[in-house]
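Both complexes shown next keep chain A, but they swap its partner, so chain B is in the first and chain C is in the second.
Take a look at the complex of A and B:
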């Protein structure tokens, strides 16, 4: 009887101890509360004229976001600004990041950073060195989008304020993701950039961002990098050709001239493969193979689509159109920039290692002088709810 | 008379070996810097190379049933020389254990808790291992399958979640690196995950039946090797050329998991798996160390030694290397040299001498 009571007592103590554990397990020792941190959402990097590094950080005050959200409509008086942008100059990235603390009151938290915008002057100066901090720091999100600012400084972009999204960096990131679905901007995440830089057979390409009007951004085009420095830009169509070739295009609208009007083709699936053909152990030709599946999205004209012949013609034209874009992109990178952003070098490194050993250093010039063979396969799957345009003449 | 009174089933040996080898999953990073995308073949080659030696461990332990290696040394080499050889074993256990403890500390401090004092991490981890060692080998063996399942679950699920980011052409060109680096990699592999199974010379003696000891050791070894292979293939396929730049390739590849922006930043998975697996490995090492020291000094029980040894381990782990770079450098270049004779020379030699002198039969006769 007494023994039973003692046992029960021990049992209760055990349960009590167990219940106490969760209290100890609530968080790490360097846990930081939401009200004690500033969340960096966007980061901008540029060089000043004196060659110093200019870091711009867009910072969100979580508490202030709350108050503006609830203050809206009530016409509440002076609200703290939820988002602000701050610059700091430093010799190195880390120095600037820490130096920022002499301006900002709370510690800056980088894990939620959505975009990293690189300025044109920095791109021309070389990006490889400054990226090291972003790789090394454990807080960085490797899925962070990287963008290259054209004709505008990162600071100007991050200082944009509009009503589309309370946090401009989120607005920029979402815009980039939208444009990726249109196939006119290269989606570059931090990890992609690191991979491209590490892989000596491929030059990095970074999505482009510029300003549209006073308070909006435009994310279209691609910055071509060569050996860590900016070589030039690709326009939206060339970007699309480039994405077709490397197989990174998710979807796109390609307009194709058809008899009596234009057809907007929606690319549903696209596969791309780049290869280098070899003859006698020497590279003889660059080969790009693309196959796409498309739907008819709209026919702004009066032609007909109801026979296999019509569709066949349309497929041929689509092929032509895609091929044209790929050629544009390839010729520009070959002749003007001489930078292998397609990763033909990677193919050579993997499949012809013997040749690559000697050719690695001169690969960019070898790449620039190789002829190219581009093969596009297009298949039209569906025409949508209607077959012929309403006003189709027959 | 052996110090350990607990008994281990023959099939539990399988899980012990498999979990032990799996515990080295973090350590293939040491080889990645040398063998890059060819690490997977180095793992296989390391397995093949170390297999005959591991066979010799198992045969040796089976031949001297119910004895641990310290007792065997005394028998085979005689009282004095046997002690010298035993000290070599103990030194190896002592150092390897402290390196492994340090690994855990470094993992935590780099990726999970950068501001926590290093020594606290070491003490916390070592204390947990010490607790397990107090409980004895029988308890560890009874839960060994749980460790194996946890490890396997994390390894397979992360592999599946990363399939869309894998590029299998990263394994090309198949034979690119100079042979000397491959050789160094094979040596490292045969020594670190596989050769360290020499710790089982202290454990196989506790088997209640040694019938299937050899078979079970090898099945366990194979399971462990397959886990390492999956991890290495995953890392290379996901990270490609970049895999040489990270502090921990496994951690990096798992940070890249991004399934519909919902399943992201799964660092904690590897944190759990690595902690659990290394805990298992370290506990086995710690157990072997404690029993070996107790046997050397002729103690009746190893339990009084656990706490002092834990203290020594923490101090060695905290001071032995200056930095992870130092750690990797010494493990790649020097660590495997001092351990090579122990792993690849002494056990086969012991076996040979035992055979020539016809030792176990003689000993059994004396016992009877």
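Take a look at the complex of A and C:
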């Protein structure tokens, strides 16, 4: 009986020990109250003129947010600011992050960061090494939006204050997401950027942000990166062509000249595929296939849409328009920047690994000199509630 | 403690028949009523409610009789009608000098009472008197008649306070054992509904009744109930709650392994499923065994209502059970450890509501939960008329005032309120939940979600290891009994519920044998220690 009890006791202890082991596996188990951290909403990274790293962090003051949200105390005396922005210089990102603690009172918490804004000087200097910290740290949100600041420092962007949203970083993030729906900015999340950097067959492209007046930002365009350094920028239309080609376009409004006016086509669905044609084991041509489904969103003119011919014609014009944008983007990246942001190299690596082994080093120059074949399919699904424009001439 | 258990083991044999001890104590019935009167006066000295009435009748009061009873315990009207006046009538009309025929006649044709019994020793006579019957002693006889003239005691059949339902019977059990038996018989008109009476408690001599339906209830479970009840050796059985503690399988578990109910229709349903009920005189709460975990989220309304709705309610109840256990712990884990999983906007709200609170979330949660328990317990204990004052105070403590005073965040107030509300949705598990909540809270404060998962594993393991009268507590989930799932989280319509719970019917399967082995072991243990 006693032996049985002892055995049972040993068994219980074993089970307890077994349960305790996972304790060692968890990375963070320190008890830290939510009020004992500084919640960072936006991060800015740039280089100073001396080549030091300049970290800008936008920190939110939750209590102030609540009082502005509920409208309490508006117009009352000294209202605390909902956010404050703090800069710190350091040799490395981590040093700057920890160094920040000599200025702010609580540990900075990065998981809620909405945007990471990279300054132009940093982009020109190279981004790959500074991103290491963002992958290594366990608190980073891999879904935070990455933006490249054009003609403005990250600090200036993060210090923007307006009435649209009490937290500027949230305002920026929402704006980016809106623009993504228009197809004129590339939505780059941290995880995408990291993936693109690791993928030797594809150069990263980052959404662009610039200042619009004193209080607003504009998120349009794309920064083209080549080997971790900024190669140049794509304007909104080129960006759209680029997104059409790589199949990342969700929706867009394309203006098409039609007889007696202009038609605004709303792209409902778009598929894009990039490929490299090979001849005699040598790449002979870049091939881009895009197929879109569109609706007529507006017809500012006096043409008619009530016969299939009209629609066919419109489809042809839409194809041309899209093709034009793709060519614009492709030519710029080929000729000017010589940077394969389309990921043709990834295709080659996958389907022609033998060739890729040798060509990997000089792929960008091979890419720049390949001719391109662009094929666009367009289909008009609906014309909205009415068929002909209101002012259609008979 | 050890001494007590040893004593219990020794007395086990005698205990099976409590009445026999009295025989030794009081001996036979004396022949003369004089002697009887003297002896009874001695036994019931200082009992001012004890009444002995001498009846002198026959020629010159030659035939002497003694009527002994407790005042108020017997119905005097019936006593007069059934006993005293027939005797007086008889002797005024018939003159008999022989004694023996008088006794026979008394028993067979004079006393008009349906419940009449002959006893031949003093112990049984005393038992009769103390259980509210009238004793008739006749001069010259060593026998006495026990006449059932017990006055109906206690309150009327009423709606139970603890178990209310929207539909269904409003009849609840009362304190009177016989009325309770009738309430069950009224619902199950079947000769197979068996009622086995026994007496427990050395001082209280409480009537206990084991109730089951022969042919539906598992005989082995009925045997087990008899065995466990017979083993009880205690002075007082004042409520079924005391029986429950003696017969439960695991005396140290937080979870109830014996069910209780005040509702007649619920009990009838349990009996028809094959459960065994234990009725105790003096309490409206009737025990049912075996009691499974799933029963705590079953209500009678589930069977009277639309099955889809019933299923939804079962799921809601289970959800409420989990919330009432886990919510404060989850909150502490989120706020203290796992900031990364909180959505951004919620995080701002959380951080803002916690701003300026002087306590850590753990301390804050403990304070608020204890404050709530104060209020709850005060609400149970205090006299009813003061209730209003308490609710006002309660609203202040657990409300806006504590938030604006800055001792608690408004989110914590909501959490405590939801936790409390949810715990009331599953009444049988309130006690277990109340204590487990603190364990989860402490684990969350120590190790976050990992701690909660750890405690949850321990609790679930414990639940799965429990058995109630041989039936696995977590049935039909563990072990999975697919045929019993029809009345678990999913409730199928009543016309589709064609089979009785298989778990309760099982005979000669491993489950029950295990429990028997366990039972034998515990009894041996208690004797040894």
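In this section, the second predicted complex is superposed on the first by the 356 of 394 C-alpha atoms of A that agree within 3 Å, B and C clash if a C-alpha of one lies under 4 Å from a C-alpha of the other, contacts with A are read in each partner's own complex, and residues count from 1 in each chain.
Assume a contact is a pair of C-beta atoms (placed from the backbone, for glycine too) under 8 Å apart; a residue touches a chain by one contact, two chains touch by 3 or more.
Just so it is clear, the structure is predicted and the values come from calculations on it, not from any experiment.
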Considering only the touch criterion stated at the top, classify A:60 as touching first (chain B), second (chain C), both, or neither. second
Touched partner set for A:35, first chain B, second chain C, both or neither: second
Considering only the touch criterion stated at the top, classify A:264 as touching first (chain B), second (chain C), both, or neither. neither
Check whether A:109 is in contact with chain B, with chain C, with both or with neither, and answer first, second, both or neither. second
A:387 contacts which: chain B (first), chain C (second), both, neither? neither
Of chain B and chain C, which one contacts the greater number of residues in chain A? C
Considering only the touch criterion stated at the top, classify A:372 as touching first (chain B), second (chain C), both, or neither. neither
So chain A touches chain B in one structure and chain C in the other; where do those two contact lists coincide? 28-30, 141
Which residues of chain A touch chain B once you look at their complex with the stated criterion? 28-30, 135, 138, 141-143, 191, 194-195, 198-200, 349-351, 353
Name, in rising order, each residue of chain C that touches chain A in their complex. 335-337, 339-340, 342, 344, 347-357, 360-361, 445-448, 450, 454, 457-458, 525, 528
Tell me, which parts of chain A touch chain C in their complex? 1, 19, 22-23, 26, 28-35, 37, 39, 41, 60, 62-63, 65-66, 109, 111-112, 114, 139, 141, 167, 170
Spell out the part of chain B that touches chain A in their complex, as residue ranges. 110-116, 169, 172-173, 176, 239-242, 245, 255-256, 258, 264-265
